[in-house]
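In the two complexes below, chain A is the common chain; its partner is chain B in one and chain C in the other.
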Partner chain A sequence: MTPTVTPYRPSERVGRDGFLQVLHAEWTKFRTVRGWTVGMMAAALMVVLFALLVGVSSNQKGSPPVPIGPGGEPVTDSFYFVHQPLAGDGSITVSVSALKSSIPKAPGDLRPGTVPWAKAGLIIKDGTRQGSPYAAIMATGSHGVRMQDNYVNDTAGPTGPASAESPRRLRLDRSGDTITGYASTDGTKWTKVGTTQVSGLGSTAQVGLFVASPPAVGGGGTAGSVSTATFGDLRTQGGWAGGNWTGSQVGAKSPTFAGYPENAPGSFTGSDARFTVTGAGDIAPAVSDSLPTGGHLRNILTGTFAALIAVIVVGALFITAEYRNKMIHLTLAASPRRSRVLVAKAIVLWAVTFVAGSVGAILATPLGLGLARGNGVYIFPVTSSTELRVELGTAALLATASVLALSVGAIFRHSAGAVTTAIVAIVLPYILIAIPFMPASVSKGVATVTPGAAFAVQQTLVPYDQVASNYTPYYGYYPLAPWAGFAVLAGYAVASLAVAAVLLNRRDA
Partner chain B sequence: MRLALHAEWTKMRTVASPLWLLLGTVAATVALSAVATSVVNCTARGCGGDTTKLSLMGVYLGQAPVAILAVLVISGEYSSGMIRTTLTAMPRRATAFAAKAITLTGVVAVGGTVAVLGAVLAGRLILPDLGDQALSLADGPTLRAVFGTVLYLILIGLLSLGIATAVRDSATSIGIVLGLLYIFPIISGTISDPDWQRLLQQIAPMSAGLAIQATTDLHSLPLSPWAGLGVTAGWATAALLAGGLLLRVRDT
Partner chain C sequence: MYKNQHETTPNRKLTPMSAAEIVVAGLRKRYGATRALDGMSFTVRPGLVTGFLGPNGAGKSTTMRVILGLDAVDAGTALIEGKPYHSLRHPLNHVGSLLDAAALHPSRSARDHLLWLAHSQGLAARRVNQVIEQVGLTSAARRKAGGYSLGMRQRLGIAAALLGDPPIIMLDEPFNGMDPDGIIWMRGFLRSLAAQGRAVLVSSHLMSEVQDTADHLVVVGRGKAIADAGVADLIAAASGNRVALRTTAGTHAMRVLGHAGAAVAATGRDTITVSGLPADRIVTLLNQSAVPFSEVSAHRATLEDVYLELTRDAVEFRAATQSEVSR
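The block that comes next holds the complex of A and B.
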């Protein structure tokens, strides 16, 4: 008598061929291959380790303190100030009949040049401390008359440059905390440029003439410039103590902080109503260029690059390994609807990578920031929601890059080619962006059309219209908004996934 | 050994990918050098830097196909199972491994020389005539830079071969090699401490090895040109030793 054997029959479940089963199968494959789990952990670890390395190895203990504006943002605040105290309310009027700038071609070799945001005008400020509240009205190199206050606010007034034939007359009134700026091009008809509330000026403020001259931007770098303005018809009303005008340099003369070219110090000559004032520097929010010692969140997450390579390798292997060991036959026999397999793989891979990347980035950011700050590095401030966006954006960048590698792997069916293509598509743009002398148009183009555009999710700096600077990806300014840049990479990933699905359906495995 | 070399040369010659990768090396090197020399601002006084180094900049990119070629030389055999045939035919594994390394060296030397000379030629054609500063192979430091760059490419090939032999998987090996090459420069770009920067430039296989391309301001380099190439040679030797040792002690 033959013994009866009950054949093994898996219990019939509803939706046997359901998508969840495919998803579960792919998840089981992923978690049971040790190399892939290790690869994901390595990716998370890279992000953390490089954050620690960047934090430990930074050293800015000797650098001068960064001036902070009333809004808590880092600012540039250095200029030449010819001032008198004003107790209580009052007003001041002046005409600017010339504003000439010079840019050094070589050290010590000053040549006349155009500095669009060179500034000459009237300012009311709470003393000469850097970062203190102020309001000012000014003639500029090529942006007409502007009224600015507290570093970030900027209002346009009458256009055109100041000249001897057409001097710009400026007036600043103080009434309590309310500062009003007026401008006139003919001396009779005055237009109000702006009114602003400036708190923290104190009962006695320093008021007078100022000249600032931000560094000239060109050739991927900057050169300190200096400007000289001619003032006339200086008149005051209100609580003025009288006496002599005092000339002061606000801010350090260090070249790092928008200082003076060689042999061109700040100065003023004249008395009574006519003055010639020479100054350099700027009164503006700090940007990457003007605060080169400042760090930003992107630097802490440098390990993204190493993690990218790890997740690209795992992503490509997730499909090409099946082709190599013929597992793909079994996979497709078990789940004949082929595009489902690919989608299931993409979902599992994206989710796993996103989790690994989030863990890495969320651990790395506070550790790296803490160590860097401990070493005296000033970090451009970000809100906690921006910080979270950078962390989750980095994780999404890693996850989407690994799905791109998976799709390319499904197209090539060969790991070497897939890994190389994915690395070249994402890492090469990163390297091209990281070359400082790359022309701005090229580096912006690279950061717009290649999958490398996704690095925009790590940007935390904002460009300012009233500050001329190198707003290129190298300095941390991307042409696309954070999630728009990410969408470019996502587009590449989805498109290549679609191509892979079509090919998978058409070809024999 | 002669038979082993002949066998390896036949394998290299009869597969399409090595030739394409070598052509890729030449194309990438010349193209990047041409771009680098055309974007630089030159005045009558010079191009504000080391023109030799600038013309040879293409190897930043050209080394990647070399690394992939070297990885595929061994990991291709592992993925197709060919390695068993190879080691059955040549049971002395050290000999088989040495034959691979020698064949690779020869192939990369030829491809690398074409690539580097192409880059120099592109530099000469694109850069304005600088008189006595012009690129010339008769100039000692320039010749050293050109010759050293070819040696550098060979060393990168050997480093990749060693790593791929130890790892036995092409995707992982390519990831490790490209990471090793490109991560150090990116890290040293974000680090602000000059001592750390210098240290990284001294130990990184790419930054150290490419010191061989410097022809001006030699005293300001983190380490001298030949010492730099020596560091890369050290990396390659270590990788080859590790790969060779693992090949001997492991089953395929």
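The block that comes next holds the complex of A and C.
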């Protein structure tokens, strides 16, 4: 019965069934479905279009210029200043025996309260121009004595609040560009708090007492506060011209602009050695709260969320389409090592999305920034390396999100379920973060544990310890560092890819 | 040839000419409560077109998926050239298959569909053009496969099966959706593949589709092989060397032949069927006893008879479930 045939033997094949071949096949699959390549281009286009839209639609023309500190960063610089010129070197000593703050409960209803970063002390400054160089030593509401200079630098001195029983004695010395701050609790034993070089003070600087009172932070917003300090034992040495002390409001022209509550303008009384000074505002780097009209890179890349939806759909379809039309049978018959197929798909998808996302973000950023700046919008400055991190981070965010969608697609084997799940996992956190009245704990939690943590790659704002503010994702401050946030998303993607690989190997095709 | 170095089984060395390309042994598979395979065993040999026949739901497609390593079995083995499918390097060089002609992305062109498959096996684009020409799709190769007719998709699926120039070709219902010209083309094509020494396994639930093409038949029902034999052997077995006799003297003839040791049965008013004696001996005996008769012929069953007979159980099972559904 057995026929005597020669079994067919194909011509000799040399070659290995390398992973590269699976990768090549998946790349060919991807590039030959028009809808998928179009989807990727659409994602890149979304990023660019939204950037143009944000740039064109913004209009801040005519808004007051943002004060810029010596380091180039935006600052807040408004406070009540009681000053005299000091030519050349010299020193000034004072005691602070009270620092009382008031916070409005309702309009016109001021109540005593604690403003942790209320400041009262000595300052040496290059005039009253906002953003000019300075160094200061001060008592604060609840952070003890501090020495600060040029807005961003902050050094802690003796702790504890100033009071009549325990006044804080402060001293500031100028010697050339070197400013040294001292503090004492008894007036005899002085400790050096800090020494700093402040260039640009000029030969004659304005030196004297100051009171600042930053807005009280609470309930997701801020309220302008006002503080009053009692100074005594004012003594000066060195190149003082002598004469009367001048009281100036540094910064905004009107008290409301300066952050004063209603009917509580800045003022000073007294002479010789005793003064009572009332002030508001802050001398500090600007944050989102204190510069609400300032834009940042994240705003320019608003299109990320639309691009996310596109890449999630493409990512899910890259595998679920094979299940829908049963082409998965052919795929797995051609490559029986199933995990390789999944990994090859993930690599192709990640690479394609990353390229599309990079192109989109790298085109969008300068276009959007240019248009926005042209419309008078102040953009928080970033270094070019930070800008690149935001652009590539956004591309990596999109790429990893599409791989997450692919993995979920491989688990569900169904487009609608996979797309919905991936969107809930990534886009929903994005929306939750964008809701202003979301409690800080919730939005920080969302930005820590969900795949949405990866939006931290778009963070360009820096929180400062010496500025109390709403450091929440809504305002552009993420609880995780940029790449740590990205790692959370990457973790989800890798974990779901592993689950998908296990299921792919275990289940019938 | 690396194939011979690494993949030759001891069996092939001993009997190179009769080595089975596919050996399926004792496959069992359940899908929930459905017993899809229930001890499926058969072999597919080179140089033959093996028809894989059985009613709907008999387990043909499931068996093919198991052979390709797509579905896991509860018991049993399916070996390709003596090896499990998943251990094959470049599997499409060993087995070319068509499970479902609709298994393609509708917006990909036929050429691109074959191209990714070729790339997965490290094959050059040149090979894609060859198989497209072989199945006669050259003029439509750059069109979206989603716009193809079922017959064109079958051809595309066959091109995919041929891509790796494999010694084994396995096609699930390739005649589906083909016009008469296509069916004739397909038959010739399958025969030529077998003539090249390839093992060809073709499933169908219609005997008429494979009867002129297949050399060998594996008839399945309810998840197992009911018959696994050459076409000629199957017909002979069903015919059982019986002789049909037409005579007006039935009683006399039965007595004479019964004495000579034959089993005799009346099958009609003037026809009887004799088994156990060759036709020439019957004629001699009847002449010796002067029994009149008008016709002696070998009783010959048709393949259709064989098939219907073999699958009656399975078809009954199917009819029962159908009537349940329609109730």
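To be clear about the criterion, the second predicted complex is superposed on the first by the 487 of 509 C-alpha atoms of A that agree within 3 Å, B and C clash if a C-alpha of one lies under 4 Å from a C-alpha of the other, contacts with A are read in each partner's own complex, and residues count from 1 in each chain.
Operating definition for what follows: a contact is a pair of C-beta atoms (placed from the backbone, for glycine too) under 8 Å apart; a residue touches a chain by one contact, two chains touch by 3 or more.
Given the structure is predicted, the values throughout are model-derived calculations rather than measurements.
In the superposition on chain A, A:L363 makes contact with neither chain B nor chain C. By the touch criterion stated above, A:G35 is placed in contact with chain B and with chain C alike. In the superposition on chain A, A:V343 contacts neither chain B nor chain C. By the touch criterion stated above, A:L330 is placed in contact with chain C alone, chain B being left untouched.
When the shared chain is aligned, chain C comes close enough to touch A:D508, but chain B does not.
Residue contacts after overlaying the shared chain place A:V499 against neither chain B nor chain C.
Chain A residues 35 lie at the interface with chain B in one structure and with chain C in the other. Interface residues of chain A, counted against chain B in their complex, comprise 35, 39, 50, 53-54, 57-60, 219, 293, 295, 299, 302, 305-306, 309-310, 312-313, 316-317, 320, 324, 375, 377, 415-416, 418-420, 423-424, 427-428, 430-431, 434, 437-439, 442. Across the interface of their complex, chain C is touched by residues 1-18, 21-22, 24-29, 32-35, 321-322, 325-327, 329-337, 508-509 of chain A.
If you check the complex, the residues on chain C that touch chain A are 1-3, 16-19, 21, 45-48, 65, 68-72, 85-86, 88-93, 95, 97, 99-100, 102-109, 112-113, 115-117, 119-122, 160, 164-167, 196-199, 215, 230, 233. Within the complex formed with chain A, the residues of chain B that make contact are 39-41, 60-61, 64, 68, 71-72, 75-76, 79, 169-172, 174-175, 178-179, 182-183, 186-187, 189-193, 196.
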